[in-house]
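Quick one: structure below, then a few questions.
The letters A, B, C and D name the chains in turn, as written, and every chain counts its residues from 1.
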Amino acid sequence: MVNSKAWMVVSLVLTCTIAAVALSQVFSITKPIIDGQSADALKASLSEVLPGAAEFNELEPGTAWSGKDAAGNRIGIVFKTSPRGYGGPITVVVGLDTTGRITGLGIGADMKETPGLGLKAREAWFRDQFRGKSESEVALKRDNGTLDAISAATITSRAVTNGVRKGFAQYSHHLKP
Amino acid sequence: MDWTLILTSVAGLGGLGLIIGIVLAIASVKLAVKVDEREAAVRAVLPGANCGACGFPGCDGYAAAVASGSAALNKCSVGGANVARSIGDIMGQEAGAVEPVVAVLVCRGGKDVAPARFQYKGASDCRHAALLLGGPKACVYGCVGLGHCAKVCPFGAITMGRNGLPVIDERKCTGCGNCIRGCPKGTLLLVPRSKLVILACVSHDKGRAVKDVCRVGCTACNLCVKVCPAQALAMVGNLPVMDFTKCIDCGICIHKCPTKSFIDRAPGRPKAVINPRCTGCQACVKACPFKAIEGEPNKQHKVLADKCIGCGECRKVCPADAIDMVGALGHARKGTEG
Amino acid sequence: MTSTPTRWQYFADGIIKENPVLILMIGLCPTLATSVSARDALGMAAATSFVLIGSNVVVSLIRKVVPGSVRIPIFIIVISTFVTIIDYVLQAYQPALYRVLGVFVPLIVVNCIILGRAEAFAYRHGVFDSLLDALGKSAGYGLVMLVMGSVREILAAGTWFGYAVTPAWFRTAPVLFMIFPPGAFLLIGILKGIVNRLTASKV
Amino acid sequence: MDPAKILMGAFLVNNIILMRFLGVCPFFGVSTTVDTSVGMSAAVLFVMTLATWVSWLLYHVLLLPLGLVFLRTAVFILVIAGLVQFVEMVLKKYVRGLYSALGIYLPLITTNCAILGVTFLNIDYEFSLLQSTLFAVGTSLGFALAIILFAAIRERLEDSPISPSFKGYPIAFVGASLVSLAFLGFTSLFGISL
């Protein structure tokens, strides 16, 4: 019985079914937690790059939001781009004030850069460099700009700066009220 | 319990499992390789060293050839007689007797007696060294001594000696021939295990040319050819070539050779002893090539033990059958059984 | 093996005598890739151990009913189930560690140790022995990962589990080489040399 | 990303073995001689390309629309395992020589991190089918380059005088470290940041 052809197929299908049931259960349990995390993570990251903003409404689904302060008047916009880094896409979130200067830059948590190297992009010193820069000033020292790259992770640094410039070009039209 | 998710994932993964299961099931039937069960049985008997001594690409190759009947049953020298017999049983035929062979080093030019002519710092392998002007050794014919044979021996029978010559452990050696094929200088020879006296030199030079490069090299002085009682040696290319069928392993050439270029694989040799039946006819005195017998005519003669090498020539000519070979039993020579 | 190995040996062998990475030479990919810092290395070792223990137990449970010809796909599904579980559990409850390990968590499913042990051991031994073997191999794997992670972190960042253990001047110019792939290869080469020296066995 | 960059990126810039650490087990196991390495590379090229097509189609046709993304790992590895077993049967039937040369390494191709790794990277990089194919071919060429290059070095290492405890794997690792160092030189060649 153990080695008959029929049992060969049946055992495979049986294992797949059990696996499928188990995985779907695990997924349905962990999915809300993961979504929950990323939902409030999104809100946190948006307000982090646009200080003083109380609530956001979506300009473009998933990529651009406009931020209002507690009093309800617009103080700027936030956009998200995902340039391709060393290990895969990097989510970059940029806040712009109404004059088009960067108020803050956040880097998504789910990037797959080389552990311990590209991941340094998330460190504050690198992100804070972007504060106060306008579109033309966003460039690495190496590309005759003012920002210095993460040592030994030029690919990641360049990916972030390119992402920011691309974001400026695509979304700064939202700034004009 | 999100039933739709469970059902879709079961359908997805389960369905895929079904498809793959069916494909593999059909494939295992259609693509089944028809393996002759005799081939599997023969393969199981073979030692599996894949050494190629049988002339086939490894044991699988030989098993396939035997099963298809296109190979003799006793080609596996590594397995020897019992493997041949079990293959015979499997194939239902009588396997011929297998003459066990063993690898022997036919060069005694170690570092102590055969100096190098330049320092070789390249890859420590004979085949590489031999490419460079024939190797670092003054004698270009001799064993380079960098251990290629030791490396290729699948049975670990060869280790490198102190003087840079390989030492072959005859108990482990199965005669597979890997070392013979690997050696760039051809200083290893496959000889039947029963063969005891072998020339240990491969130099085609003569006289002084050999003396300059190696103290134990054969200088082609032709003495061994003259003294050999069975005329088993013939000088070809400055080397005495031995006819194994004629040679009676008496050992005379070993002791007569001025440069000790022969080796004797017998651990010990018997000695001649004259018993009282001796009539003192002195036939043996003339026959002994080493003047090892003395005594007055018509009196009981005596053998000088230190001079006698146990070649057995005296025993052959003694009319009164008064001489026996004593000691080192089990190494009696053909025609000189003690 | 003259005497059938005692239960204790199933476990103890895994750590030194049959250490999966340094002796059996399997499971090299994640070892080299995620041992950039001690914390990540241990995180990876823990995740791998969870999957190894789970799969060894399940494989030995079902070994009698698994048909020989499709045993590999079935083992694979069992292993990938455990991997997906740890993948989503990490994402949900340990997002920080998950971000660091990145693509290597799903790649545990192809970690040669797990399928290797399932095929070589669990398929032929009882549940309890397989569990012991899995624990032993995980301990051995964890040990190697700890050593690799610590050495690389100390050399490359001057810290150990994040705490500075080296003088300040060293941290300004650490041995960045150890973060890069060549450093990992070199380190495991030296470790393997030392192990050879100790066990005096020539692999 | 234009095709040439993907191909060059996978082939040289981010070599799958030496830079991404995927496929290291067969890399050390098979690379003792050049011809087994060539055989292994051919098998990897074949299986990796096939696996990429099948996994890409499965993902974008079956998993994404049905929202079964969490099954990605299980489905991909199941497909690869089935594929390798199928390839093993075909090789055993028609290409006996390669089958006996690769022997143990065929089932180990299933657990070859490089193949599954590539299928995951194709999804993460959101490549189209053509781009994925290019990436797979580039990667397996990179695999072949690394393993054949290294096999030649290892054959040479066999005969060099090394202290006994470093002979075999340790010196192979050190050798690999140097080869990997050389590949490090390719980072961001032609501005490829793949």
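As a working rule, a residue touches a chain if its C-beta (ideal position, glycine included) is under 8 Å from a C-beta of that chain, and two chains touch if they have at least 3 such contacts.
Just so it is clear, the model here is predicted, and its values are computed rather than measured.
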item: Winner on C-beta contact pairs when A-B is weighed against B-C; value: A-B
item: Most centrally placed chain, judged by C-alpha centres; value: D
item: Distance from the mean Cα position of subunit B to that of subunit A, given in whole angstrom; value: 73
item: Distance between chain centroids, defined by C-alpha means - subunit B, subunit C (Å); value: 48
item: Separation of mean Cα positions, subunit D and subunit C [Å, integer]; value: 20
item: Whole-Å gap between the CA centroids of subunit A and subunit D; value: 30
item: Subunit D, residues touching no fewer than two other chains; value: 70-71, 74, 78, 82, 85, 121, 124
item: Subunit A: positions in contact with at least two other chains; value: 8, 11-12, 15-16, 19-20, 23-24, 26-27, 88, 112
item: Residues of subunit C whose C-beta touches two or more other chains; value: 33, 69-70, 73, 77, 80-81, 84, 88, 103, 180
item: Graph class of chain-chain contacts, one of line, ring, star, complete, other; value: complete
item: Subunit A-facing residues of subunit C, complex; value: 33-34, 36-37, 40, 64-70, 73-74, 77-78, 80-81, 84-85, 88-89, 91-93, 95, 99-103, 153, 156-157, 176, 179-180
item: Partner subunit B, residues of subunit C touching it in the complex; value: 69-70, 73, 77
item: Footprint of subunit C on subunit D - complex, ascending; value: 18-25, 28-29, 70-74, 77-78, 81-82, 85, 107-108, 110-113, 115-117, 120-121, 124, 164-174, 176-178, 180-181, 183-184
item: Subunit B contact footprint on subunit A (complex, rising order); value: 5, 8-13, 15-17, 19-21, 23-25, 27-28
item: Contacting residues of subunit C [partner subunit D, same complex]; value: 25-30, 32-33, 70, 72-73, 76-77, 79-81, 83-84, 87-88, 103, 106-107, 109-112, 115-116, 119, 180-186, 188-190, 192-194, 196-197, 200, 202-203
